[in-house]
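First comes the structure, then the notes that go with it.
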Amino acid sequence: IRTGMPEVIYCEGKTTEQVAKIFNSLAASGVNVLATRANAEHRQAIFAAEPRSVEHVAARCVTLKQNDLAPRPGRIGIVCAGTSDLPVAEEARVTAELMGNQVDLVADVGVAGLHRLLSQHHRLQEASVLIVCAGMEGALPSVVGGLVGVPVIAVPTSVGYGASFGGLAALLGMLNSCSPNIAVVNIDNGFGAAYVATLMNRAY
Amino acid sequence: IRTGMPEVIYCEGKTTEQVAKIFNSLAASGVNVLATRANAEHRQAIFAAEPRSVEHVAARCVTLKQNDLAPRPGRIGIVCAGTSDLPVAEEARVTAELMGNQVDLVADVGVAGLHRLLSQHHRLQEASVLIVCAGMEGALPSVVGGLVGVPVIAVPTSVGYGASFGGLAALLGMLNSCSPNIAVVNIDNGFGAAYVATLMNRAY
Amino acid sequence: IRTGMPEVIYCEGKTTEQVAKIFNSLAASGVNVLATRANAEHRQAIFAAEPRSVEHVAARCVTLKQNDLAPRPGRIGIVCAGTSDLPVAEEARVTAELMGNQVDLVADVGVAGLHRLLSQHHRLQEASVLIVCAGMEGALPSVVGGLVGVPVIAVPTSVGYGASFGGLAALLGMLNSCSPNIAVVNIDNGFGAAYVATLMNRAY
Amino acid sequence: IRTGMPEVIYCEGKTTEQVAKIFNSLAASGVNVLATRANAEHRQAIFAAEPRSVEHVAARCVTLKQNDLAPRPGRIGIVCAGTSDLPVAEEARVTAELMGNQVDLVADVGVAGLHRLLSQHHRLQEASVLIVCAGMEGALPSVVGGLVGVPVIAVPTSVGYGASFGGLAALLGMLNSCSPNIAVVNIDNGFGAAYVATLMNRAY
Amino acid sequence: IRTGMPEVIYCEGKTTEQVAKIFNSLAASGVNVLATRANAEHRQAIFAAEPRSVEHVAARCVTLKQNDLAPRPGRIGIVCAGTSDLPVAEEARVTAELMGNQVDLVADVGVAGLHRLLSQHHRLQEASVLIVCAGMEGALPSVVGGLVGVPVIAVPTSVGYGASFGGLAALLGMLNSCSPNIAVVNIDNGFGAAYVATLMNRAY
Amino acid sequence: IRTGMPEVIYCEGKTTEQVAKIFNSLAASGVNVLATRANAEHRQAIFAAEPRSVEHVAARCVTLKQNDLAPRPGRIGIVCAGTSDLPVAEEARVTAELMGNQVDLVADVGVAGLHRLLSQHHRLQEASVLIVCAGMEGALPSVVGGLVGVPVIAVPTSVGYGASFGGLAALLGMLNSCSPNIAVVNIDNGFGAAYVATLMNRAY
Amino acid sequence: IRTGMPEVIYCEGKTTEQVAKIFNSLAASGVNVLATRANAEHRQAIFAAEPRSVEHVAARCVTLKQNDLAPRPGRIGIVCAGTSDLPVAEEARVTAELMGNQVDLVADVGVAGLHRLLSQHHRLQEASVLIVCAGMEGALPSVVGGLVGVPVIAVPTSVGYGASFGGLAALLGMLNSCSPNIAVVNIDNGFGAAYVATLMNRAY
Amino acid sequence: IRTGMPEVIYCEGKTTEQVAKIFNSLAASGVNVLATRANAEHRQAIFAAEPRSVEHVAARCVTLKQNDLAPRPGRIGIVCAGTSDLPVAEEARVTAELMGNQVDLVADVGVAGLHRLLSQHHRLQEASVLIVCAGMEGALPSVVGGLVGVPVIAVPTSVGYGASFGGLAALLGMLNSCSPNIAVVNIDNGFGAAYVATLMNRAY
């Protein structure tokens, strides 16, 4: 039904054997495969089982691309503030690219340093849909949302401590955004953000 | 910047005088105008001030359409379970229509009566983007999400009592959906859902 | 008083010595014995102490059946979505079987893939009582509840991350179900669900 | 599908006109009808529309019984502590009776006065299933659960103040009950408890 | 001890008689007096009791200035996004002015419209300390904090609905701000923000 | 000021060196000493430093009694349900005994087995003050409170899983007790309960 | 069993007719009677039904004293910070006096003005048990607890706004007090505090 | 823009290699450098990379001071209760000193022992701004705030257990302080408190 979408394995809580075995059998079925939340052991086990697989360390992902995809019309912009949010942003990037999107990842543009964000304004303008990852107060989607006229998928991250309560502060902030062009996915859910963004990036 | 979008007044917490005055001055500027969360008094005051305005009782909205909009390529499907969720679904419908979308509102299709939902399957398939409003356990977006290949904007509603905690149960449910094509807006935010859905409903 | 019910040991937080010793003395008293939440060490210690005991790895349980039970009239259906919910579903299965029930475990039927669930409809219909385990948004009991005319015991699981808050999202969802034939037990409490379901599965 | 069950109207949030109109049309279809959470105005409007309807003030319900039901084999016991929990207990009683059950309502038996509870022990023993309503600390289901060998449906009520947080304290207490024969429904949901209990009260 | 500070009456929860009486007796003692959270009835009762008192409708305050204050060296900037946050911002302004500060109130500068905020950059630069009031996602203090080199007192407001949970979302956002020059006061506490800001606005 | 009370060391979060050193210097000052929340390493280090110290494994405590205490008039009863609550009950016992109280610890009397509790009724009656420790639903203090005419100090424990939320369910239950003779201390705070109970156990 | 204790009616949520009727029948039985949380209508209805009853406006209570009580050995000190906490403190005072205690109520001694508290030190010293009521941050019991050697019953009040969350902030503060001589009752529960304190105020 | 402020590295969640590399490159740029939340491995790695760096064990910080700073006019007082809060207080001290402030750290002055606090009154009076760190009930800022006429930055710490919920109790207490001269930063955020305090410590 969802032609062209890869098969996906969520590795957290699975053994290396389970992950490698599922990866292998999906690979054998001929589709593209994506493993997310894969730690170093998961990634080695997959590589041992399927040497054509590609490891994405920062994203904690493994991919296997066996089929080319029809190009999609627009570009997905991914925006995040700092190095701590990068694993989530990279998960979104790897997912989006494996789903056939052109991606532009704009990092190091937090709301406390507006000049850095504004100096990348042109890159934001070129995206057909934006994924914005932010932890702590989660303010970045509101600010980015005000700068663009396209949908913004906001991803709260669990980055922070104390009253961030594992990403709750960022999540609530994004749900209450005063920019009306924002919708939100689960905390740290870079994969889901890329999935929804991909569905938006299609011609009619 | 957001050409074609109406100007919007959020009426809750504003006096009838304030609302009528803002509506009038926006009307005078020549744009389309939308007032949301307008109670009966608000709506009467607006109508007295601007007799061309149109009242939408179920949606608690008032609109003034002064300009035609370029047609948008797809159709927005709006889905809800019962009569209690209708005010939110109607807010989404009125907003989406004023923003130039074709809308199809599918009501009375809760998850506890799958046959009613499945009998509307063809209408779900014809939407380019879906808005799904649900209170209580908020399960409808997951089920609808599994039936379609387009983005789903989930709107938790404050319908329920006891452990629904004002919509929190539905909100958490939607954020944790096992359907990957879902993004969420604030509780009861039919307006925001329609706004994001409108941005998705465009040609490249 | 509760004739026929096994004696039960909850192993979490107990040492292997404590668990083995309690198991042994219960075994000596001649009753059936069930150890739940037993990790690998617990299970080995029990086996060393009582070689007639049977290990259930997926359920994290150990059982000792010394007495036959009068057959119960109906069948308990157990339903879950994915591999992650299996430990809880298996705990329910092992418990229910040791309590003299016929059990049918229907796995891999999440709400985001209705066709798989509907293809098992006949199995749901044959149950006198259903136990439905689900994590994340916890929507499965509502959908199953709408398909059957028997009581549904809903078990929220701690499967999920971020805004699942350790099973809270699933718990709240189930408590707010729009299917009226649902009652809920504690997060991950497969044992309790089987216990209540067993009490329902009796002739008058 | 659920033969014999009445049609139910949840009145809260509906206008008197809406409620009276729905009641009337359900009555015309020949089935038994139950209106819950009906305030005085709702009840008068229903009576004006359908003079055969019967008002249950303490339960905040209205019923119309047009059809006799096959008798059910067992008896439903309903237990509550004080006058404050009575509206919920009465909602359960009215619902259960309209669904064809024999009901025995045991009131005024809180956990802080064990002798009163113990003096009713024989009535608890005669029930095939028990509904226990309790607010504040919600301890009654645990105590009752320990006295009987049948399933207990626990109904937390919103009775209390301060740290009861609208019934949350009672709800959490019941979910964590150390009696294994307990399942829980939503806060104040006497209707749902009676519905599930009715489904348990059937011959095979 | 705190020479020069006015005596303050918090009116919420007090009767008009209580408020008027306390105001009068403080006035008689010769000090400056401030009444906050005063509704229309409170304000009329105070005016009847003390005709020299001055009403501040938008701030819901009444003041009586009987003594001149030594001028303070700097200026307090107060920033807020929209009309809904104005009552809190005005409470801060009235408080700060009665405590002898020069105040500059910059309204209508939300984070979703950065150009409006940036066009007021020079006014932000001229403040020795800033008070930033924001509801909903509460992102404004982070953005303002990044633009200035002075302390920012962040005031979460209860403006919003749904997942704003009465200002909790804004509060958590501000506590997790990635701008290090921010400290936070209670939800809607314009008075406290002005009090702390006043203490910072002094020469050594 | 509090003559006769031992000096107390809370070991959690302290190194073995720190704990041993503090213990030693308090011992040298001639007072009685109590170390709580001491793990095996803490306890060994204390014993190495002060061979007169006495280890209480179940209570996770170490004591040093150098001075006799004037006898106190009454007896402190300590009540708990199961083995999991024993560490907290034992912390209370060791503390109370070192403070000069006679203590009677009644274990294994949960609310789901009233007969066991009632069979100990005479022991409850002989206490001048009761400490009741309970996890999960925390119902035991309400039931015990109804059986006695003396003050009950309720100690919620963190025993439980899922919706017990680390003792929150028990805590809320105890705060909402329908027995009026109950006051509550922090989760797992056996020490504090014994301290308050000791202060109650004095002649006038 | 609890000889000498008055019979108590909790009026909130009861009609004036219910309250007056219960009061009357308790009065007829010859015991002392206490009605708490009685609003003006409740109090008038009780007075009409029982002219010997005494109204306590600030405490929102009505009492009827028909029997003298044996004097109790000690004095109960009640402490609170401001006028807002007085209704709770007065409820405690009226309750304690009707239960035969000598009471000393020390008001207007908040933690932000230590000199006022310290100037009442001698009155604190004369109490055999202290009840300390505080809203907002709920810090007063910790400070008072450090000044005395007797048990302190802490009563969090719902006084405050914003992040006080209806008394939750004060409740949590009191449960985490660093003074070990503190136990806590429910938010606004002046009655319960007095009840427990009375039980402590007895000779052996 | 913030001339004179050091560059800061937040080490938690970074590898030793990352931390050492960032430290080195910042050092090379000639500025002062501060590493916070540095564990023993982080600190060794930094020292190996930059032997001029200074380790602050109690504060879990490393500093490198390459430039002298213009002296600031006032003194920052830092106050905390016990040894457990010291890491946060030390982080504040190290940060404040590297930013050019004179600092006076007053430890061991909890609210349950007022005499120790009052005996340090003169040191509190000499500060131009105070940082008060407290865990558990977080009452210290309110008490200190009442003793001084300068701004107080309150830092809730995660010290405590049970109902302290990781510092939430202290945080809520501080936000609800009845002393009006208090503003709050995130749980355990000694760095942020020192940063804001530094900005206040400047001449006009």
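Read from first to last, the chains carry the letters A, B, C, D, E, F, G and H; within each, the first residue is number 1.
The criterion applied here is as follows: a contact is a pair of C-beta atoms (placed from the backbone, for glycine too) under 8 Å apart; a residue touches a chain by one contact, two chains touch by 3 or more.
Just so we're clear, the structure is a prediction, and the values are computed from it rather than from any experiment.
Student: Out of curiosity, which chains are bumping into both chain E and chain H?
Tutor: A, G
Student: Once the contact rule is applied, which chains count as partners of both chain B and chain E?
Tutor: Looking at chain E and chain B together, the chains touching each of them are A.
Student: Could you see whether A-H or F-G has the larger number of C-beta contact pairs?
Tutor: F-G
Student: Between the options F-G, B-E or B-D, which interface matches E-H on more than half of its contact pairs by residue number?
Tutor: Matching more than half of the contact pairs of E-H: F-G.
Student: Where the CA atoms of chain C average out and where those of chain H average out, how many Å apart are those spots?
Tutor: The separation of the two C-alpha centroids amounts to 50 Å.
Student: With chain centres taken as the means of their Cα atoms, state the distance from chain C to chain F in Å.
Tutor: That gives a centre separation of 36 Å.
Student: Counting only Cα atoms for the centres, state how far chain D is from chain F in Å.
Tutor: Going by mean C-alpha positions, chain D sits 41 Å from chain F.
Student: Return the distance between the CA-based centres of chain A and chain G, expressed in whole Å.
Tutor: That gives a centre separation of 56 Å.
Student: Can you tell me which residues of chain H touch two or more of the remaining chains?
Tutor: 162-164, 168, 171, 175-176, 186-187
Student: Once the touch criterion is applied, which pairs of chains come out as touching?
Tutor: Once each pair is checked, the touching ones are A-B, A-C, A-E, A-H, B-C, B-D, B-E, C-D, C-F, D-F, D-G, E-G, E-H, F-G, F-H, G-H.
Student: Can you tell me which positions in chain F touch chain G when the two form their complex?
Tutor: 1-2, 8, 73-74, 128-129, 149-151, 153, 171, 175-176, 180-187, 191-193, 195-196, 199-200, 203-204
Student: Hey, which residues of chain A end up touching chain H in the complex?
Tutor: Residues of chain A touching chain H: 83-84, 159, 161-164.
Student: Please give the residue numbers of chain B that touch chain E in the complex, ascending.
Tutor: The contact residues of chain B facing chain E are 12-14, 156, 158, 166-168, 171, 186-189.
Student: Enumerate the contact residues on chain C facing chain B in the complex.
Tutor: 81-82, 110-114, 118, 136-139, 142-143, 145-147, 160, 162-165, 168-170, 172-179
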